[in-house]
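Labels run A, B, C and D following the written order; every chain starts at residue 1.
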Amino acid sequence: MPPHKLNLAMIGTGSIAKAHSNAFRQVGHFFDIPYALNLRVVCGRDQNKLEAAAARWGWAETATDWRAVVGRPDIDVVDIAVPNALHAPVAIAAAQAGKIVLCEKPLATSLSEAETMADAMRAVPSLVWFNYRRIPAVAFAKRLIDEGRIGQTYHYRATYLNQSGNDPSKATTWRYRRSEAGTGAAGDLLSHSIDSALYLNGPIAELTAMAHTFAPGRDVDDATLLLARFANGSVGTFEATRYGVGRRNRKTFEINGSKGMLRFNLEVMNQLEFLDATDPPNQQGVRNLSVTGPDHPYSNNFWKPGHIIGYEHTFITTLGDFLGTLNQHQPSHADLDAAVAVQRVLDAVERSAATRIWVKL
Amino acid sequence: MPPHKLNLAMIGTGSIAKAHSNAFRQVGHFFDIPYALNLRVVCGRDQNKLEAAAARWGWAETATDWRAVVGRPDIDVVDIAVPNALHAPVAIAAAQAGKIVLCEKPLATSLSEAETMADAMRAVPSLVWFNYRRIPAVAFAKRLIDEGRIGQTYHYRATYLNQSGNDPSKATTWRYRRSEAGTGAAGDLLSHSIDSALYLNGPIAELTAMAHTFAPGRDVDDATLLLARFANGSVGTFEATRYGVGRRNRKTFEINGSKGMLRFNLEVMNQLEFLDATDPPNQQGVRNLSVTGPDHPYSNNFWKPGHIIGYEHTFITTLGDFLGTLNQHQPSHADLDAAVAVQRVLDAVERSAATRIWVKL
Amino acid sequence: MPPHKLNLAMIGTGSIAKAHSNAFRQVGHFFDIPYALNLRVVCGRDQNKLEAAAARWGWAETATDWRAVVGRPDIDVVDIAVPNALHAPVAIAAAQAGKIVLCEKPLATSLSEAETMADAMRAVPSLVWFNYRRIPAVAFAKRLIDEGRIGQTYHYRATYLNQSGNDPSKATTWRYRRSEAGTGAAGDLLSHSIDSALYLNGPIAELTAMAHTFAPGRDVDDATLLLARFANGSVGTFEATRYGVGRRNRKTFEINGSKGMLRFNLEVMNQLEFLDATDPPNQQGVRNLSVTGPDHPYSNNFWKPGHIIGYEHTFITTLGDFLGTLNQHQPSHADLDAAVAVQRVLDAVERSAATRIWVKL
Amino acid sequence: MPPHKLNLAMIGTGSIAKAHSNAFRQVGHFFDIPYALNLRVVCGRDQNKLEAAAARWGWAETATDWRAVVGRPDIDVVDIAVPNALHAPVAIAAAQAGKIVLCEKPLATSLSEAETMADAMRAVPSLVWFNYRRIPAVAFAKRLIDEGRIGQTYHYRATYLNQSGNDPSKATTWRYRRSEAGTGAAGDLLSHSIDSALYLNGPIAELTAMAHTFAPGRDVDDATLLLARFANGSVGTFEATRYGVGRRNRKTFEINGSKGMLRFNLEVMNQLEFLDATDPPNQQGVRNLSVTGPDHPYSNNFWKPGHIIGYEHTFITTLGDFLGTLNQHQPSHADLDAAVAVQRVLDAVERSAATRIWVKL
């Protein structure tokens, strides 16, 4: 039986669009999926960028009117890789047109917007690109937790540090404007950390947060920090900043539980630190696991044990899992409800930062 | 001129008393001090421990009544190495008797107690053993900061993680009882982190905190976490816990500033991580400095470059600096006001954790 | 002007063939190359593997007779991804047929074979896949060396450790048989280390080597170790083993020179350790550079700074550079002479290991 | 019963003499030894240094004639902390006078000298200060090996890198002169690595070595490198250099065996890396053990778990073990025969480096 053909439209031509295009091209090389992806049309505002993207990645056509694109009957999938403020209109229109919707994270610029989007999107299959869930090391951490290897969780601590905001002359993209991004470090970086936390450690019960903007005149947060209590009784700290000078892309989590510890750092994303507190005390030490197989998530998809993968593969695993379950009418793991849950936490963070009080979820 | 003789009395026989005894024995081997320390009397409640301590470290006498000891005219220095709740009565009595007072940290079990102690202790020379200030790597961090190498500070983040509380069958010392310790992780661990922060990054302007106790029935905090704004405009996170499973003594700080980054971890205390953000961008990387000389603080006091020191030397440097300036009628760096300032932050932490609101300092 | 079309044939269907296929698919996405690569035919012995490879990577046809394939007039490029002993016949036939030849490393199973191949291959453009030269961190190391940042080299030390041979029940591929592989760890692992060394530190003047086989009955070396003098006056150690239990793919080099130090580890291939010995002594520390841009080799080809690449990208950069210079009639960096030079060192290693004496090159 | 008093004489006033003095002062604080050490006389050539050493460490007298000192009837122990070439005459005279002899490593400047010394010294208790055997992490490595946790050893690799020789203006001590030191990096650094190897991995069966001097006019080796076969069937590499620019005191060993791996680095001497290859494959990772207790060698002697020790403690443990067994008429572990065995390997290294052939032991 030949694979079912899916015609794709991508809205956006920026750096995330590049990562999505690559995933569309590569997913079939590493995952057994029952679809042939047809890169039908790329849509954006800048004709030069459009033509470059089409030439580079093999999009068959270019277009400038996303409303027209999402309404085209020949399109099966609409991928959204545009500034945050545009996610909602495109996603809602695409869902209403019956398209499969793939939407870059964060889902929306506000909780209410996210909920409106979700209402529309529940009618169709959808994916929100929380790509860092499906790093092999993160998925393996989840497996160890689910197997009880960490025991009762006591602590969850997360940082996401980069230094992108420290040069005001460069920090001028849409990501630094409230009107297009909604928030700054919160939506851009913290959303990833929250997604990982909800995935690995369950719901947050309450939190208190602060936001800070270092650059004069900038209307989004440069840094957002919070304390949290999780529903499982553990306590947490989160810190996301664009002023983490010295750190280029340091997304970490560390979990301390009654039976062990886990630590992850995106900068060395093929590794997972694991301590088994049931080992004899004098042999307990943080193990540096190379999560490249054997017997690790996704290790059969890519290369031989010890041969690392990188940033782009996080999109490929996300897409591979989505397409692998698409025809089973099962919810994808990184699904819509999870993305709304992240947005709900971000909303609580914003409210707490504004009111300076603890907020329950 | 022969060195001036100082007769010492030590109150306490526990593990900290061991570290103090060692410092008394060793300081003259590594520092040029104009004093001969005479270990005159060790005082405690348990005769076996007293005799063991005296035999081991050469205390000339043992005693069981600290009030009698601090009143002895032949005693010049009273060293306090007893549970926190006893710091105040001993220190006040010793100060009133005109003795030089050396007091283990934290200074007191409450701010009001600390202020009462300070009122009495200002009349005499005194030292509070915040020994982690005078680690070569920490002192070198301070020097780099003072020289402007980090620029404007954006972020300060500190953790102090151990796993001492995770075994309820073992966690039964005075450190786990409010009546003797005042607080749990806050006074034991967080106080060190706060001292480092005030030393390196200046005053905290406001904070919001949470405290948590994991063990049923325990009446002190197992973990205390906080967010802070510093007077210099930077923002901070602090986390101190006895449930940091997998970590035995992990006291860290990381500072991100406009010109660089610093990171320290007590587990590898001879090292300091430093990034110079004024290096060419493609050559910027976190440098792992071996702070063992040359041209590092205290490097001439101990061994040749590359030869590391350990936990006990933090007491020796603290004492060496104190004795080196004792006859100059200058305040010691780790002085009384600094210890009260730490207590003031701990007090704000307790109040914030109780009221769940931001507290200004 | 439309890109020139190149029709490719690949001989082989194993794990290296997968990496090559991926590079053919991906190179145009990340490099500006004036060619359109057409995956025309994949050739092998196992029809199931052939069909799987064709389906997965889009090879238009399959074939089982490599001699027929290399003679096809519609083929422009022959890629060789078969066991070492087959490199020579395929490469020579392809070169004689005027094809561009891409050959997996090591070039040959012996020096004489390599020289015979080279004689034939000099008539055509060719590439030997010494893919680890063109890791950004390695290329950046080369740049720093060439700029004089390391000064006079004193020491070069290299290891390549994996544990593939430790399980005799698994170590049964052609790589463990002399008839197909020529050598064991020497050709498989050491060849990469030698290539890096010649690239970074220049010719080896003389060496003494030992080879050892741990597994009874195996007729290739499990480990090869050597001491070397380089023409530039530095001294070196090399160790390559399949019994480096605990290490999955640890290819390292460390260079100590009068002005600095460099260290690389393939397991964290996006990083380069660099020490600048001209920094003030108290600020000298090994810098952990994230070689992901800005201003690093290949950083504009892939993702934003801080976003890592992996194993497969080493093939992409190698191919990208080759195709970028193909029409300039310039030799590619990782060219034929370099591959022969590696073989010459491997030959000296074999002779020294057999005779137990120093061998000059 | 009061402890037996031992009167000590120390010959030497340099940096090693400082470490020995410290050990004499400290051993009783951390080890239960049935002796009271009486620092009776320090002997050297420079009166200023002598008086400084006596004042600093409490040596009761100074002397300038070592022959007179070793013959004094009131002296029980002679400690030798002078340049290597003086070890033999002092040790032999002291042994002939019936003194307990403590001798700094390496034992001698040649094998024949070492054997002559040993002949004399066998009549008395003696210690050779191979202090790095008795680091807790190294002793724990030995325990794991003896318990079979590493299985059959395949590989042993050792480096000892510092950069002391790289500044010719500074490298002017006796350590850089053949007449006083015998050898350069070989006796100074490699001897430690050989001692560790013999201790952990057993005898060396044969070796091939090279020595190199980078500085013009210097008559000792700046670097010595070798390949070895051990009697147990494993193969090894050793590298010792004073031109390891970027490394201040990097003494490492790594052992790969059929059941696991061990790695040690003196720069972080409180840690031991351990991989258990019998763990499930997906949970195998190099564990970073903090060898500070509980249940680690010497962990009860010093501080609480997680509180590190340093360079000086390696002398204290060595002395503590020696004194602990002195009255049991048992050989000390780091005993004379072991020191002669190291010298025998150093002799083979010298011969191999001179003749450029493999040398059997």
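The working rule: contacts are C-beta pairs under 8 Å (C-beta built on N, C-alpha and C of every residue); 3 or more make two chains touch, one makes a residue touch a chain.
Everything numeric in this text was worked out from a predicted model, so none of it was measured.
*Asks:* Taking B-C as the reference interface, which entry in A-D, B-D or C-D shares over half of its contact pairs by residue number?
*Replies:* Selected from A-D, B-D or C-D as the counterpart of B-C: A-D.
*Asks:* Work out the mean Cα position per chain and let me know which chain is farthest from subunit B.
*Replies:* Farthest chain from subunit B, going by C-alpha centroids: C.
*Asks:* Averaged over CA atoms, how far is the centre of subunit A from the centre of subunit B? Could you give it in whole Å?
*Replies:* Whole-Å distance between the two chain centres: 42.
*Asks:* So what's the Cα centroid distance for subunit A and subunit D, whole Å?
*Replies:* Whole-Å distance between the two chain centres: 54.
*Asks:* Please work out the Cα centroid separation of subunit A and subunit C, and write it as a whole number of Å.
*Replies:* 35
*Asks:* Going through subunit D residue by residue, note those that touch at least 2 other chains and give them in order.
*Replies:* Within subunit D, residues 275, 284, 286, 290 contact more than one other chain.
*Asks:* Residues of subunit D touching subunit B in their complex?
*Replies:* 15, 18-19, 21-22, 25-26, 28-29, 56-57, 162, 248-249, 267-270, 290, 292, 302-313
*Asks:* Give the list of subunit C residues in touch with subunit D in this complex.
*Replies:* Residues 154-155, 157, 159, 161, 163, 166, 208-210, 212, 214, 223, 225-227, 229, 233, 235, 237, 239, 241, 243-247, 256-261, 275, 277, 284, 286, 356-358.
*Asks:* Taking the complex as given, what residues does subunit C use to touch subunit B?
*Replies:* So the residues of subunit C in touch with subunit B come to 140, 272-276, 280-290, 293-296.
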